[in-house]
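Okay, so chain A shows up in both of these, paired with chain B first and chain C after.
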Partner chain A sequence: MIHEVPIFHVDGAILAWAIVFVICLAVALLVGFVASLSAYGLGGPKMFVRILTGGLRDLIQVSPRRIGAIATLTFKEALRRKAFLIGLLFLVLFMFGGWFLSGTDLDKPAKPYVAFVMTAMSFLLILMSLLISCWGLPADIKDRSLHTVVTKPVRRSEIVIGRMLGYSTVLTIILVLTSLLGYAWIRRQVPDAAQNQLIARVPVYGQISFVDRNGEPARSGVNVGDIWEYRSFIEGGTKARAFWVFENLNVDTLRRAGNLRLEQSFEAFRTYKGKVDEEIRYSLWLLNPEKDLRVLVDRYPVREFTTDVSDAVVEIPAELPSSDSDGGTVNVFDDLMPNGKLVVEVACVDEQQYLGTAQNDLFVRMPDRTFLGAYAKASIGLWLMLVLIVMIGTTASCFVKGPVATLLTATAIFVGYVFKGQLNEMLLQLQSKGQILGGGTLESVYRIFTRMNQTTPLPENAGTDLIKSLDQGGFGMLRVINLIMPDLTYFNTTQYPANGFDVPFANVLLPSILITLGYFLPLVILGYFSLQLRELEHK
Partner chain B sequence: MSESVIEVRNLSKVYRDFWGRPKVRALNSLSLDVKKGEIFGLLGPNGSGKTTTLKLLLGLLFPTEGQVRILGRPAEDVEKNERIGYLPEESYLYRFLNADETLDFYGRLFKMSSAERRQRRDDLIKLVKLEHARKRQLKEYSKGMTRRIGLAQALINDPELVLLDEPTSGLDPLGTRDMKDMILELRDRGKTVVMCSHLLADVQDVCDRIAILFRGELKVLGSVQELLEAKDETQIMTSHLSEEAKREVEEVLKKHGATVKSVSHPTATLEDLFLRTVAESESRPGRRFEPGERPSTENA
Partner chain C sequence: MNNLDVRQRKMVYAGVALLLFIGIIALGRPATARPEPGRPSNGGLLAKSRHQNSLGEASLGEVDPTSATMNLVLLGLRGVAASVLWQQADHYKQRKNFQLLEETVESIILLQPHFKAVWEYQAWNLAYNVSAECDAVDDRYHWVKRGAKFLIRGTEQNQKVPELFYGSGWFFMHKIGRADEQEVFREFFLHDPDEERWKGGPDEDINPEHKGNYLVAKDWFLKANQVLEEPGVEQHRMDTPLFVAYPYRSQIEHARAMQKDGVKEDISRLSEEQREETYENWARQTRDAYDDAYDEWTRIYGHMELETSGGGTVVLETDDEAMNTLAQLAEEDGMSLEDKQKWQENYRRQTLYTYWKMHCDIERRETMMRARYQLREGRRLYEIQEFDEAKIFLERGLNDLAEVVKLYETEDGRNLLLSDEDETVDDAMKAILIWQQVLNLLGEPIPNEFPLRNIWDSEEFAYKRSEWTRKFAEWQGWIETNQSSSEGNPTGQ
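Here is the complex of A and B:
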């Protein structure tokens, strides 16, 4: 299953970036102004303006030649310090990894191999990017090698950018080599019978809606008691239906392919044993509400007893027999897909049995692309994340020492990769309901010590008012962290080739590119001023 | 020698602790000028503030009070570094680079074409006598070799002003002599040199003017010649005199009211003797000196 990333709106994202950037800039200017006043009195503002104009000049007048020199130096440093030996580690992993992977996923035998390669690359390269970017500059400052550089006509912005570029180049080369090695290994290791799973499916997902057993619109299907509410169930032998609406389909591409392919991953839920040697079935219609057309495609078994992924595909020919009694046909592309819009209706055939459906359980499968292409795109996603980590690590190392910079960057990765989704959800809940179940940190502590459950209202008194107010401050901090921390969930491209999907550009690669670019300027500015205002020789 | 290359006015530096409380006053109201084309020495015992001064000039430290202008620009101005060369106390270079790569890297930081860099690199490696080790990584260099390549990187941009922090530290007598010769050559080519050192003999040998610092305060400032000259005494050096001639000279001096304080043979410096011995040994391998015998000055 693919873990869906939030839909990325480019316009909204750019606007949000601009707003956060301007706010951060304004706060930084204010803090700098106040600090200059408190440190230097009335002469402070003059110094503040001088530093600011100098900074602006240093950020604009960067020299590609000097940046290139520093980047080359960084590259040579990594080369001479044998950073590329990490490739050998991959070789060892690949040599013996196959022993433990065969037969670990009967449903998708190719998946463990692809996931192993991508995950191994991610972990090792993320670790490497973290270490080299966080320790390089502090080591330079500690060894005082940087003194011989800053006493040349080198702007601190050039040092920051040069370092970022150098580390990124090192990681790019390692990533390219390990990706090639990994690809060859996958092709060699995946069993012959599963080689056909090395594909890149291109899904187009639709919007799901339900009608209940009486044919009335419903928010969802039936909950059959499954604690995981991902799927919603429709009752068999009734008017209960699930509808999918697919928009903006490229009809010409589908027409060239000659047929319409739908792929499903429905789940059956039996309320009684029934015929155990027969699968629960579902029926599938294609609709054109504009022409009032409703064409039954066929009845299909739910994949209850099989591990073969190929039978999950429903191939619909271009011509379907019309539901009318005249014996005519309906052209799927001309009659059922006006303006690239397709409506699919699904019902459970067997009475008193249920069909579990989720929005992503049915998708239009566009013509497949090559696995190599998907693998390359996934590697690009990983590369963008490495570049982002390098940028964060280098910037952190401009104002703190190596261990602290590593901790700081690791925290950013952890929050961005693991907690960002939860953080978003929590803040959305706060925004929509005005509170979070169980309250904030202090309220939670209060509830633990007073043994009060999450739903019981707090007693009204000055103490609890204070707790709530302080928690609101904490939520404010969380909002700021959520705005500043990068959302790394978009960069998780491993799952796509591992599950046989193409990496979507608009919703995965484009956000990754924009996020990486979006952090470049603020991080360079932060790194520059941190290095510029730092006394390199301070005792 | 009238144009000021460095102007320091009331320069003070206070090191503070983590909480911003004053810890050490490393420099206190220092004011001095360094003129174009001179070799200026900053002297003082350890902790007197000479390296702090140098780092304030370079913008590696920020002054607590006072102003610094170098080549007409403030210390924090990056542009001034186009015309400056700096040799740090320890040659803090990138140890994984070799000599060629080191000079090429520092050359790329200036507006120098590839051909210019190559030419300059070859000239400097020859100047600091590292032709035999130009492809070796700096981590394999001895301290003396590291100082030499450090000087070469300081001169990569043919600077107008060279700042040298303890330039002869860690060098053997031959290396020290070479370094001093190079410093003198720089002055002869019109460069201004500021060096700080606690090796007084080296400073005396090369500096035109000196400043002596003690606990962050300027104690003495002036030309070496003027500061060391004993104007109330006279020294006459002649070729060898017989005992009788010496007595006659003493008589003449007494007649003019002078007091003869001492009459002796002049002694060479230990540095001269060492250099002569090495030079003689190089020109005549296998030669051993008898006890009391001295190497000739011909090969020195």
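Here is the complex of A and C:
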């Protein structure tokens, strides 16, 4: 189940990008200007302007033909260095992948197989993109093959772009091959009983709201003491309800499908054992507040944590019996979905038992798409990440040697992919509470040595004041890192095909495309100037 | 070294390398073939030591090539990787992502295939914690099976760890037989809910011989005992006399379950003769199961030479043959027979030896079986309002039960059955309540004297009388039922 679909505001993102770009540009110009002054004295500004205007020309007047030639060379070089052997490694991994997943296990759902393929592909190809992009240019500089290139009438911006393009092409080919291999492996390995889980559901999520046991609006349901506070619970046999409002539904598409499908992943919580062989049930109503219509669809067992997706689906026919005693019917699409808006009410049927609900626990399931499509989109997400890593790696290799460039790019991946969630959480804490639980680096060290837990306030003295101030500097650094480093969490598309969902374009693919494009220009500028100013003889 | 020229330095390096090489060969040379039992390994020092202490992969259980490869690939980072995976497994459990939890656990066992705690902890996690999260009873059973299958795989890879065999037995005895869902689980154990795959039979991965859960548990406990008998194998779960009792306890539990289940057929559709025959079959099979249980408990377990913690070796039975063995053991251990008998008595108490022996002895009696049949039939007839017939059966049953109770009276006025057999006292209370109600409904007075009146009037069991009277009233709808009570029906049906 997808618990959180990332939110991406295109306008805000573009604005933030522009601001950060301008600030970075200003800082770079200032640093460049000061450096030119210190290196060339009074002649520095002249040199500064010359390099800047030359750079501007080099960046604008790029020739696609020359870029293509460099890219071709890069491709050939990668071929010579046996970069495609990674495909062989992948093949070996798949041959033995069944062992990892105990292939004879007929009870196993499809999810681990899909997750295995996507994770293996990400792991191997990220590693490969890191290595080929970070070691190419430094190796060329070291064995002086780059000298023959730079002496030709080719701009250094074209070398940077050509390198990026060449490496991306290599990775694209490998990704396509491994994706195809992976798809065939999934189809072959997933047990027959779980083949129906290889789907691409298209969910439309709504907005949840709650009503408490007295029928009064509430901010949330009841907390039953679950460590994971994702769901809140509504009490059975009372007026407690959860409501979902779905907006902008494509009623025509649903009408063509002939029914309305809702899918749920509720949780049950029992306060007493009850009948062990009977599940907790929930009831489902559809509402139209404008017409004052409230139609009971039916009562259903929760089917908690079911691996069979079809168990959790509520199929609502186009015509429902009206709640009035006149025996009439209500048309779901005409009477209950005005302007594509649908309101769903859910209650727990069993007294003194609870139903756990969260916003994404109920969604309208639009007609399914193919698993192949979702898998391809997930691969595109991975491809965009690889391209971004290549761009970062190539740029890094323009100003530092191979090992350092690798370390730098690996750090960018780690921060953007692994640490970004924690980083966001910390900065959010800092913004909302003014402090981070346990403090910054120095405060944490202080707490470890004094064996003080995270929540105990620090003693008030000059030493701790100093620690806090120094930590504020660290937080400032974190803010800068957060602004500069790419957020690679958008690119992690594995969970969608693994859970049988389509990859949403607006929330996942579009952000990935924009982030990749957003980094292209700054990285090319940085790479160009680094290569331009680099002393190539200095290996 | 600085005074040496390049050639000389190279020679020195080569010499050092050669020395180290010889050392490595002496230490780490692998055995070229698996040595025959009793013969020393032909490998280096480490290989020999591995062989002597049975630490080689092959001597621990089935070798998993993936696991060995994984460990090789990770070099020295196996511990780090396992720790990260444990954290991940916990995260998935918290997030209720049970499929990925299971996958992560699989990865952990690839890294640590011979770490018994991984098998035990994670199997328990699946069978007890994850299954309890599911609301549908067949989903719960699915996870119990996953846990059990996981532990069975653990036994295959660790053939010298008796705790894992014991753990498998415990799942089938305790999780299937004692859970809140025991009735459904025991039924599923014989007829899996996945009918499409198992064609109405049991899941053959856990129950290949289509037996009851307690008998499958017994097999696993027996395997645990067999493993424990192998040289150099130890168990650290509990005192050994308790550990080795489990196969025989399972047999007793099997008999108890048969008795508690009663007749499973829908007898309302049967003629009186068929009903009689069905009841007789059930009574005979139950008595046979108890006979086996008594026999195994006294003849096998009672005569087993058990290592105590401080008193040497003892046997638990007290017949002539066992007492002779005990005298011999006292002599071997250099103890007086009196001291040995004290240890024997300690362990008889600790293992509840006398209690289970007496329990089996009571339940395998013809009269007791008859009493149980009569009382069950009496209750059934009461439920279908055949009060005259019910009265006859209940009175016969109470008389038979009284007869058995009398057999266990001691000279000092105590009754061993009543002091130890709580469930029998409960059964007597329930039967008397129903019988009294039958008399009320028939308009007959309750006579002054009736069988088991001593139990009914006893101060010792006054709390039971009032408790069962209240439950009976609830069952009859005379007072409001307490919803949280699991014992709404005093007949236990």
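Please note the rule applied: the second predicted complex is superposed on the first by the 505 of 539 C-alpha atoms of A that agree within 3 Å, B and C clash if a C-alpha of one lies under 4 Å from a C-alpha of the other, contacts with A are read in each partner's own complex, and residues count from 1 in each chain.
Methods note: a residue touches a chain if its C-beta (ideal position, glycine included) is under 8 Å from a C-beta of that chain, and two chains touch if they have at least 3 such contacts.
Quantities reported herein were computed from a predicted structural model and do not represent experimental measurements.
Chemist: With the two complexes superposed on chain A, say which partner A:K111 touches: chain B (first), chain C (second), both, or neither.
Modeler: It touches chain C, and chain B stays clear.
Chemist: Who does A:F449 touch here: chain B (first), chain C (second), both, or neither?
Modeler: So A:F449 meets neither chain B nor chain C here.
Chemist: If you stack the two complexes on chain A, which partner ends up touching A:W228: first (chain B), second (chain C), both, or neither?
Modeler: Touch partner of A:W228: chain C, not chain B.
Chemist: Output check: A:K273 vs chain B and chain C. Expected answer is one of first, second, both, neither. What do you get?
Modeler: second
Chemist: Is A:E304 touching the first partner chain B, the second partner chain C, both, or neither of them?
Modeler: second
Chemist: Share the list of chain A residues that count as touching for chain B in one structure and for chain C in the other.
Modeler: none
Chemist: Name, in rising order, each residue of chain A that touches chain C in their complex.
Modeler: So the residues of chain A touching chain C come out as 3, 96, 99-102, 106-107, 109, 111-112, 115, 193, 227-228, 230, 267-268, 270, 272-273, 276-277, 279-280, 301-307, 352.
Chemist: For the complex, give me every residue of chain C touching chain A.
Modeler: Contacts found on chain C: 65-66, 69, 94-96, 98-100, 102-103, 106-107, 110, 133-137, 139, 142, 146, 180-181, 184, 197, 483-484, 486.
Chemist: Mind listing the chain B positions that touch chain A in their complex?
Modeler: 15, 24, 55, 58-62, 76, 78-79, 81-82, 84, 86, 88, 90, 92-94, 96-97, 101, 105-106, 108-111, 137, 153, 157
Chemist: State the interface residues of chain A toward chain B in the complex, per the touch definition above.
Modeler: For chain A paired with chain B, touching residues are 54, 58, 65-66, 68-69, 72-73, 76-77, 80-81, 143-145, 147-155, 535-539.
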